[in-house]
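The structures come next, written out as structure tokens.
Across the two complexes that follow, chain A remains constant while its partner is chain B and subsequently chain C.
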Partner chain A sequence: MKKPTFNNGDVEADVIVVGSGVVGALVANQLVAAGHSVVMLEAGPRLKRSEVVQNWRNASFERRLGSDFQGPYPQSPHATAPLYFPANDYVALTGPDASSFRQGFIKAVGGTTWHWAASCWRHLPVDFKMKSAYGVGRDWPIAYADIESYYCRAEEALGVSGPNDPQRQSPRERSRPYVADMIPWGHGDSTFAEVVNPHGYNLVPIPQGRTIQPWNERPACCGNNNCQPICPIGAMYNGIHTVDAAEKKGAVVLEEAVVYRIDTDAQNTVTAVHWYDRDRVSHKATGRQFVIACNALETPRLLLLAANEQNPTGIANGSDQVGRNMMDHSGFHCSFIADRPIWLGRGPAQSSCMVGPRDGSFRADYSANKIILNNISRVPVATQQALALGLVGDALDAEIRRRAVYGVDLSISLEPLPDPTNRLTLSTSRVDGLGLACPDIHYSLGDYARKGYDKACEQLRHIGSLFNAEEFNITTALNANNHIMGSTIMGSDPRDSVVDENCRAHDHANLWLPGGSAMVSASVVNSTLTMAALGLKTADAIERAL
Partner chain B sequence: MALFAACRRSDTSAAGTQPGSNQKPDAAPSAADAAADASFLAVSSALTGKHDLDPYVSGRIRAAMAVHEPATTATLDALQRLAGTVDSPEQFIAIPAVRDAALAIVAAWYTGTVGKGTEAVTVAYRDALMQRPVADGIFPATYAKGGPAWWVAAPPPAVAAR
Partner chain C sequence: MRAAALVLLAAAWALCVPLAHADDAVERGRYLATAGDCMACHTRPTDGKAYAGGYAIASPMGQIWASNITPSVKFGIGSYSEADFERAVRQGIRKDGARLYPAMPYTAYAKLSEQDIHDLYAYFMAEVKPVDEVSPSTDLPFPFNMRFSMAGWNLLFLDDAPFVAEPAKDAQWNRGAYLVEGLEHCGSCHTPRGLLMQEKSSQALAGGSLGLWYAPNITSDPVSGIGAWTDQEITQYLKTGKVSGKAQAGGGMAEAITHSLSKLTDEDIASIVTYLRTVPPVADAGMTRSASSWPLREGGATTAGEARLRGTSLPLDDGQVVYDGSCASCHGSRGEGSADQYYPSLTHNSTVGAATPQNLLATILSGVDREVAGEHVLMPHFSTGSYVQPLTDTEIANVATYVRQQFGPGDSVSVDDVKRARAGGPAPLLMTLTTYGLPVAAVLFIGLMYWLWRRRAARRKRGL
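Presenting the complex of A and B:
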């Protein structure tokens, strides 16, 4: 087995992977299994699951109510990620919808899938052809058929339980069954389906990165209802599972290693990356193939920071598209008190979702949406509301129970289009703990998604009426969903795209940028499975190149 | 260029050492402390209508309020005097002079938190009173005890049996 070689703090390996989240880990794991030497450079620290669980248990009521999923995660002073309680303003946001782009992500070994809901959706075939089919956005340079086998492999890598009944699949086009059948529904999911499905909303089981039997050294899901911010037992897929697998095979992970510089030669081939260790000493990693998978905010930030003489506007940026076309599933919530018990909070955080509004000819005109039944316990919200009524004693307990049992929260996702003015640039006034420029992001939701919001509200009011909803509320301020996409966009034309169909940078033959940043269309579904599929496709291409 | 002051460890990493941690107190309390704790526990029972309150949580709430809620703490003597004269939590909070302090103590027991913002002290989570009203159907997050797929079973009736 080939291993990386160290020399005076510098390292050499066949493949250098920057970023140890799900995408970087999948690439590293496949390449080390194929016999290549692999180094992973991770800006943040290693984490202890038990410490994060204890931090969350000790979180204040206010932070729990505010869903402070970033707070429980320790950060290295040299690798800052956004915090919101209070805000650390690592990212400066501007634009009409700045507050809708307040992202959360984790800089630590294993990446952001430490705190996700493990929803593992595929794009629809038509999502790859938004321009051809609907006249909006861009077409991917690949079709669903080109990525389908990678979706299968990604589902296998993440251990995805999904509905094998085609009537409940979205999309139905698939060449292999799921690793395991769907995560079974609880009372809330089934009740909701009985009410809304006769009206065409198509509440279906969400394919999830967890199983109800032990699988691949992970325990069965035991419904701790704490997927975000952390699964206390490691049943839910986290990127750390793949990092651990890669390390066991001989991949070397260097934590608290912040890459800041990328060297290129006369052919614009990448020859090395440089990183700062925790003592701010600089080291060099040389290799034959380089992967940057730091998420769609940090990857373009690094490419811009690493601008050099040969690439003055940033690495891989001949198109001027690095940092542009930033997308997320800007979203909002709808809450109400239903006329029948729902009992949210039993089981995993998200098990069912309305995908009826996910596609249709209307997408030529306005954004699709999806509506998740947010299965997170209503106890904190119910308690806040009941206390505000000035109740005590038995009446307080009864009201908390009523609101927790009958309360509903829906999480709605919209699909913004790729807009080059939604972009990340480097701050000229703020630097991080290493003196590296912080990111600035300009974000405007756009008319397409804004009209989609209005249409979604009509649907939500109808859904509420089906439950004789009390205290019906739709949030007007949009929230981020941490599905950052588009900032090193994929395309066949190097003049208006950053990477090709294998996420290889157009400008550098041995530089690969897999993940959310390569995605061309957001669709309305969580991006992680598509990111993982792109990572595996990239890994295949790197194997051919090595 | 200005350095922005956010390069710090998350403030929860030291949570285990705060008064709200899940550790039993090390030193034996003084006689005055013990009396004050007993009094606070009695007031809390009268305000919540519950007589199985955890004395350790009670001590943590009292200590955290001494720091973060001076107005409530200043009202404790009055609350203690009144505790023996009321028959229910509703009667207790109906007394205008102590209403705010009374509701603050109830909120601390139910939410498991005293104080706000970065000053907030977590005094309980699993044992916070907010968990009790639905304890027959929902586990506090991270404390599931039902095993794989427990949630498939039918939930209890919406109105709790008494």
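Presenting the complex of A and C:
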């Protein structure tokens, strides 16, 4: 086993990976398994699962109701992540839809999959050629067929349960079955499918990174229903599981190590990255191959922060596309009281989803959507509503019960198009705990997704009518879905893209930027599995390069 | 046409008969290998090839590696004759004459009938795939590396007479005795061992420590043993490893259930139950209540449930905080388990309520892994490398104390207890002696062996 070598606080290894989330960890795990020495530099601290569990259980009613999934996570004073209860100003947002881009992500060993829903969707084949199929957005330089085997490997790495019945798959183009068959549906999922599927909404099981039988060392999901902010028993895939696997093979993780500088030589190959440790002492990591996988917000921030003499507008930024094309599945919610018991809140937080509106020729005109039957327990919301009615005693109990049983919440995701003006830049006025510039982001949803919102509202009103909905409500303010994409966009032309089909920076032969930042189209589905697949594709390419 | 078919059928039938006989021996041997649980030790878990060895049996003297018992000529038992096989299984002597350590339960297998040995041999030679892989060799520290000393040990402690049925008992009881004392070798774990690691026959099945785990008292004593269990409960436990509100199998017992007991016929399980019912009761000193009888304790220093914790900033290593953060999501904030008991209650739980916290610590440190009829039970461990979260010695001591005080007998668990468990559990006297005075102990050990051997040989000579 090849180990990194340390010298006076500096380190040297074959591969330096910045970021220890699911993507960085998968790359590190594969390369260390192939016999290379690997160092992972993580800005945030190492977490204790039980501490996060305690923080969540101790959270106020207001924070629970507001889904404060950031608050329970301890932060390093030198590696700020967004907070919303109350809001910190780490990310400053501007533009017409600024308020819809309030992203949540975790800076800690293992990354943001500590608090995800574990939804593991694939893009559709057509999602890779939006421009040629529908005349909107951009085409990827790769086709679905080029990434399909990596999707399979990502599903195996994350232990994904999904429907092995092709009729319930989205997409159906698959070369291997899921690791385990779908997580069984609850009463709400089945009831909804019976009602909406005759109308073409196609409610299907969500493929997800958990299993109902133990898998490898992972325990079976027991339906605690608080996947966000934390799975208390480790039954949901977290990046930390892959970090652990990589460490057992000999990879070295340095936590609270904030990378801020990147050195390049005359050929513009990367020779080293520099980091601050928890005492703000600077160190250097030298290596042969460098991977930056810090999510689609922190990766462009680092590339811009690390601008040097040779790359004055930022590392990998010869195209001026670093930080542009920022995307997220801007979303909204629809809630109502149904005419029959739904019983949301049993099993995982997200279990079924309508994919009928996911694709069609309409995508030439307006955004697709997906509608998740949000399976998070309705008890807190029902309680708030019942209290607002002024009820007390048995009447209060009965009303909470009624609303928790009959209440419905749908979570809708839209598809934004890559737009160079949706852009991350460095703040000129705000700095983090280390004095490094904070990110600013300008965000506009765009007419394409705006029109998609209007069309989705028509579908939702129809769905509501199928349940004789009372108190039917659609939110008008859009919310972030924390699926950050596009900021080091992939393409074959170095003039208008940052990375090639293997997420290698056009400008630097040994710099790799895998993950959401490379994604060219957003589709309407959660981005993690595509990010993981891109990570594995990158890992293969690095193996060939080493 | 029809007649011709019948003739053909008859001819085929006739041809099959001699083959069927051979197959019968192989099939019986397959069942016997299951009942003897050869797989649990001789196959490396998760990725091992069947019977290729490579599994380290933790013994107080060090790791004893189970050997390759596939019919590989070079690395396994491919060159063994049936007589060689019998000597190894019933007397613990390899073909090359070297002695096996009694981690191989030959003292129990000595009870096997000639027919069963023959069938086992037929199965291993005909049905087990030869694996040409070497299993690591056992390398115990001095003086235990002197395998010849086992010859003396065998003279003292090996009764190599096959099982003889007790005429006063019925066939079912005798079958149970044969299984419990022989094939299933229950005493290997459940009978306490003496100074020289021999089973103390006077306290058969009265409970013994196996390093990390403790194999509990399964005599018919109603408090210390399983005398108060119903037949149905014992049957269910043996077949599934679980009786809600009573006990769950972990450690070596989970392996025995997974590989062996869950696959026995109903008749054999019934026989085992019948026999266990008659094992003479042995009471554990000072034990006044059965391990599975402890209810939730209200009051005391802390109160179960979440109320004490909310809105406070208790230290993260507080026992109840650890319990709430790492245990309660499955076992319930009041130790009640899940409604369907898929996740067992910690009240009325023989692991939590046992006389000592040994198995509670073993469960926390090594988890539970059991598979019966396609249902896989997995409790993750909380030791180094945990899939959920590794806990520190202090956290484990505090949470174990909390669990013992809320759901069990009420004693405390110290950090030293946890350290000892992490190091492999309480060491037997023999090992302690060798650790603290190795040369002296070695001389004593060898001297004792020699003296006992001479004494026994002399007595034999005199026909005693």
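Basically, the second predicted complex is superposed on the first by the 546 of 546 C-alpha atoms of A that agree within 3 Å, B and C clash if a C-alpha of one lies under 4 Å from a C-alpha of the other, contacts with A are read in each partner's own complex, and residues count from 1 in each chain.
Convention: a residue touches a chain if its C-beta (ideal position, glycine included) is under 8 Å from a C-beta of that chain, and two chains touch if they have at least 3 such contacts.
Treat the numbers as computed from the prediction; the structure is a model and nothing was measured.
Asks: Using the superposition on chain A described above, determine whether A:H241 touches chain B (first), chain C (second), both, or neither.
Replies: After superposing on A, A:H241 lies in contact with chain C but is clear of chain B.
Asks: In the overlay, work out which of chain B or chain C sits against more residues of chain A.
Replies: Here the partner covering more residues of chain A is B.
Asks: With the two complexes superposed on chain A, say which partner A:P198 touches: chain B (first), chain C (second), both, or neither.
Replies: A:P198: touches no partner chain.
Asks: Would you sort A:P232 into first (chain B), second (chain C), both or neither based on which partner it touches?
Replies: Both chain B and chain C are touched by A:P232.
Asks: For A:V53, is the partner it touches chain B (first), chain C (second), both, or none of the two (neither)?
Replies: It touches chain B and chain C both.
Asks: Given the touch rule stated above, what does A:L83 touch, chain B (first), chain C (second), both, or neither?
Replies: Once the two structures are laid over each other on A, A:L83 reaches chain B alone.
Asks: By the touch definition at the top of the document, which applies to A:P312: first (chain B), second (chain C), both, or neither?
Replies: neither
Asks: Let me test your reading of the model: by the given contact rule, A:A220 touches which partner, first (chain B), second (chain C), both or neither?
Replies: both
Asks: Does any part of chain A touch chain B in one structure and chain C in the other, and if so which residues?
Replies: The overlap between the chain B and chain C interfaces on chain A comprises residues 51, 53-54, 57-58, 213, 220, 222, 224, 232.
Asks: What does chain A use to touch chain B in their complex?
Replies: Spelled out, the residues of chain A in touch with chain B are 51, 53-63, 70-75, 77-78, 80, 83, 85-86, 88-90, 184-187, 212-213, 220-226, 232, 341, 343, 345-347, 376-377, 379-380, 382-384, 387, 390, 392-398, 400-402, 404-406, 428-433, 435, 438.
Asks: Can you list the residues on chain C that touch chain A in the complex?
Replies: Going through chain C, the ones touching chain A are 306, 309-312, 316, 321-322, 324-326, 329-330, 338, 342-343, 369, 376-380, 385, 387-389.
Asks: Along chain A, where are the residues that touch chain C in the complex?
Replies: Touching chain C: residues 48-51, 53-54, 57-58, 213-214, 217-220, 222, 224, 232-234, 241, 244, 248 of chain A.
Asks: Would you tell me which residues of chain B are touching chain A in their complex?
Replies: 1-4, 6-13, 15-16, 18, 20-22, 47-49, 88-90, 92-93, 102-103, 106-107, 110-113, 115-118, 120-122, 125-126, 130-134, 137-144, 146-152, 154-155, 158, 160
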